[in-house]
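The two complexes that follow have subunit A in common; it is paired with subunit B in the first and with subunit C in the second.
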Partner chain A sequence: MIKIALAGNPNSGKTTLFNAITGKTEYVGNWPGVTVEKKEANLKREFKSYSLTGEGHGHGHGSQHDHGSQHGHGHVHGHHHGAGERKHQVRVVDLPGAYSLAPYTSEEAIARDFVTGESPDVLINIIDASSLERSLFFTTQLLELNIPLVIALNKQDLVKRKGNVIDTERLAALLQCSIVEVVANTGEGLKTLTAAAITSAGRKTQPAPEFAGRGSLTEDLDRQSYVRQLTDAVLKRGRNANELTVSDRVDRIVAHTVFGLPIFGLIMWAIYALSINGLGGWASGYLNDVLFAKIIPNAVNGFFERIGVHPLLQSLIVDGAIGGVGAVLGFLPLIMVLFFLLALLEDSGYMARVAVVMDRYFKRIGLSGKSMIPMIVGTGCSIPGIMASRTIEDENERKVTIILTPFVPCGAKLPIIALFSAVFFPGQTWVFPSMYVIAGALIIMGGLLLKNIFPFQSSSTFIIELPEYRLPSLKHALSQMYRQAKAFIIKASTIILVMNTLVWFMQTYSWSLHVVEDPSASVLATIGSIIAPLLIPLGFAGWQAAAATLTGFIAKENVVSTFAIVLSASDDALMSTASPLVNLFTPVAAFAYLIFNLFTPPCFAAIGAMNAEIGGRKWLARAIFFQLTVGYTLAMLITQLGTLILYGHLAAGAIPAAVIFISIIAVGIYLIRKNRNQSLPGGQ
Partner chain B sequence: MLATIITGVLFAALVAYGLYRTIVSSKNNSCAGCSGGCSVQQQKNCKH
Partner chain C sequence: MALSEAKVGRLMEIAQVNGPEKIRKFLMTLGCFEGENITLISVLAGNYIVAVKDSRYAIDRKMAQAILLV
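Entry: the complex of A and B
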């Protein structure tokens, strides 16, 4: 087996290249630090069968075209051997980005440990050609490992746009390794690259670059000086480096101190409005009102009646499985459009600017713009968001980021927002964006609270390498959309199906395993009734709301499917303004219910990720307690104050709500004082 | 009766598969369909 490792600086295009040559669909983002763990996959067959035919053995210069690639790509420059290794299985490892073999963050350490400890047969060093000098620092370190190395010179389009030219032939000769020009986004040059890597794997050795001062105490400075000389020798600059680029000019507006945040808000509102009111909303409406409400249930019922399936089993499959899963899957088009638009925005390079915009706000609460990246990733799923916190060096800042990231509404929470929005706030485009505004406010206030409650002081400095703006790739956006849709469907057909089956059984049977006429005598109702009193101060009446919240901790989409089952409502009836949900909630309580489900602890899988990343059960317990308190208190305040202001009377459970609120404030003040006393000189 | 048994077995198999995927994923700090979870290194010693 041949093992190829992909190494390079953050945001040089490693994962894009990895996906292209393995057929995987790993998450790719146009900002540094997206990959925080190594990923492995086999090289695609079409890349294994491609060879560098006609090449001679031994060192020398040669070139080979990629079939089907555009002119200018697919050449091998420099040192390579003939083909002959391609019969082996080829494993490709995508490593997190690193600037140096002396790691600064935990994910850089993963890259260092792999290349130094696990001896891959060949390294493909992906270089961002538009940042040649910075990239070559790491390259010279990799060349010293005595592992055959092939350079993939990526993003040449950006080099040309700047009016620069790189003498690839000369660079290959100076570094004594093969260089292949590639465009990872379009796939140009990749067959030549993998063929060069496979043939290089047989070489076993790699000459190291020679420069004055190597091995001395000033090695880093000497290396930097050598890299600068290398760059000057091969890079012909077409314009003055101090001249403002289009990217710089755009940044002056979108990353502006005052306008940056409102621009971000406006863009996000436009994306959600487009998703809900456009194709996504229309297609979701069709799935909910027609496909999962009429066509599929009618067809399955008709079929089961014809073949004589028992009515109870028929009810389990149609009302439990199809009804519950359909209620969730109905939102698939909306989510697909939303993630397609977000992927376009992210690929343009804008999201990295959002981190810069947020840095100045985050600094005030002891965090930095680095915390914004896990939160943006968390809009898809909290788990990779929590894991992305590994890019944060400061331990306290990382812990706080892990606690706050699940507040960002992930893809699984979108069906809950869509359901409550359709029933209680039809045609109102503010509901979706308002959840993100509230999430932002909770993150800021939560950060402030955590800073005052738990003794921590962040020492992080935020430095981010802003990628050049580029025209977003349609292929990338479609791939991200496919990735999200696949995840959504797998989730619906596994964990949600299991939970729906369980919910159907629990609401159909009593504890003595008899079928119940009235669901309020069921197992589910009993369990729901135990929790329901705790939710009275929040304005949630009945065991159904409690049961839906409970199943939501397994997977948030279960909130929607549980309501579909326990309210025995078809998908179109559940989503309509005459939904049985209106018997359980007032509009104010419905909004509070949304808040409660969105801002209390995330699903169990995300809690598992928090446990793995936060560093100890004590911090996990603190995190869950904090999230539960924040979600509960906010939902309670919305119901109690909203009912008083909008309806002119006190809500149910007003007195317990007041007692709970005063207790929470008292505990908060006690914890803040305790922290302050400990912080004072001589404090315990 | 036969139709009920066959349908029941098929549905039970589907749910069992869903449960299996859920358990396997939860061991890796993830859920079926969720992206993320344990890193390759963590998977060896995953406690969840």
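Entry: the complex of A and C
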């Protein structure tokens, strides 16, 4: 087996290349630090041929060059398939980006540990040709590892746009390694690259570059001057790098001190409006109200009645499986449109600018603009969002970011918002944006609170590379959309389906395993009733709401599907203004319920990610307790104050609510005082 | 003069980089060290956009104050 590792600077195109040669669809975005863990996959069969096919421009050196001329265009495919196939399995490992072998952040350390500790057979060093000099610093370090190295020179289009020329052949000779020009986005040159990598792997050794001062105290400086000589020898600059580019001009608008934030708000609003009220919302409405509510159940019911299936089995399949999973799958178009648009935005290079714009606000709560990246990723799913916190160098900032990131409504929470806004606030477009505004407010207030509760000595320094803007690729956006859609369908047909079946059983049977006439005597009702009293101060009456919240911790989509199952007695569609949901909630309580499910701790999988990243059970417990308190308090305040102001009377549970609220405030003040007293004498 | 006081659009030479060693080392790998060129491209939202070796970076005020120019 041959193991190829992809190494290079952040945002040089490693994951794009990885996806292209393995057929995977890993998360790609045009900003530094998208990949924070190593990923492995087999090389696609079409890339396994040993011969150079003449596609792309391969500039070989030494033995590799000879190889190239031996094989030429002729006997390309075939001689390598068959018996040797297994033996010649090729694994490709995608690594997080790094600027050097001396890591600055924890995800850089992953790359370092892999290339130095797990001895891959060959390294593909991806170089962003438009930052050749900076990239070569890392390249010269990689060349010293005595692992055969092939350079993939990516983004040559940007170099040419700048009017620069790189003498690839000369560079290959100077560094004593093969260089292949590639365009990772279109796949150009990739067959030549993989062929060169496989050939080089057989070489086993790699000569290190020779420069004065290697191993000395001033090694970094000496390496830099060596890299400068190299660059001067091979790069002809057509234009001064300091001239104002189009990107710089765009930055002056979108990262403007005053307009930066409103522009970001407007862009996000437009994306959500297009997804939810546009095509995505329309298609989801059709699927929910017609396909999964009428057509499919009617057809299946008719079929079962004709063949005479037991009514209980019929109910399990129609009400449990189809009703529950359908309620979630109905939101697929909405999610697909959303992720398509987000992928276009990410690909443009704008997201790094958002971090710049947000830096000021995050500084106030002891964080930096770097914390914005996990939160943007968190709009899709909290798990990669939480993992993206690895790019934050400061440990305290990382912990706070991990605690705050799940407040960003993830893709799985969208069906809950969509359901409740369609039922209780039809035609009112403020509900969706309000969730993101509340999320933003909670992040700021939560950050302030955490800063005052725990002794944080934040050292927040902020630095981020700004990639050049580019026209977003439609192909890229479609593949990212496909990735999300696939994950959503898999989740719906596995974990959500299983959970729905379970919910159906628990609400159909009593503890003595008898079918119940009245669902309130069921297993589910008794479990729901245990925590239901805790929810009375929040205005949520009945076991159904409690049960839906509980199943939501398995996966947030379950909130919707559980309601679909437990309320299936009614003929009205779940997602309509005549929904049986209106019997459970007043509009104020419905809004509070939405808040409660969005801003309490995330699903178990995300809690698992928090556990892995936050550094210790103690911090995990603090995080969950904090998130639970925030969500609970906010939902309670909305119900109690909203009922009083809008309906003119006290809500149920007003007195316990007041007691709980006062206790939470008291505990908060106590914790802040305790922290102040602790940090004063020992502080700086 | 610190980078935070530099004039926009003028090619400058770095005299010294201050601050914690970890950050200085990191800046060094990016090509931001004594004797190298740096250009302040713009000041946006409290951050300093700089050009170092063909790339653009946004750095905050604290870091911009730690980079001294000739």
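Please note the rule applied: the second predicted complex is superposed on the first by the 641 of 684 C-alpha atoms of A that agree within 3 Å, B and C clash if a C-alpha of one lies under 4 Å from a C-alpha of the other, contacts with A are read in each partner's own complex, and residues count from 1 in each chain.
Here, contacts are C-beta pairs under 8 Å (C-beta built on N, C-alpha and C of every residue); 3 or more make two chains touch, one makes a residue touch a chain.
Given the structure is predicted, the values throughout are model-derived calculations rather than measurements.
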Subunit B versus subunit C as contact partner of A:Val582, first or second or both or neither: neither
Partner chain(s) touched by A:Ala109 [first = subunit B, second = subunit C, both, neither]: neither
Which superposed partner A:Ser368 touches (first subunit B, second subunit C, both, neither): second
First (subunit B), second (subunit C), both or neither touched by A:Leu478: neither
Touching partner for A:Ala609 - first (subunit B), second (subunit C), both, neither: first
First (subunit B), second (subunit C), both or neither touched by A:His256: second
Overlap of the subunit B and subunit C footprints on subunit A, listed as residue numbers: none
Subunit A residues within the subunit C interface of the complex: 99-100, 102, 104, 130-134, 137-138, 220-221, 224, 241-242, 244, 247-248, 251-252, 255-257, 260, 352, 355-357, 359-360, 363, 368-369, 393, 459-466, 468
Residue ranges of subunit A touching subunit B (in the complex, touch as defined): 27, 36-40, 110, 304, 307-310, 313, 316-317, 321, 380-381, 383-384, 386-387, 483, 486-495, 497-498, 501, 555, 603-605, 608-609, 611-612
Contact set on subunit B toward subunit A in their complex: 1, 3-4, 7-8, 11, 14-15, 17-19, 21-22, 25-26, 29-42, 46, 48
Subunit A-touching residues of subunit C, taken from the complex the two chains share: 9, 11, 19-20, 22-23, 25-31, 33, 37, 39, 41-42, 44-47, 49, 51-60, 62-63
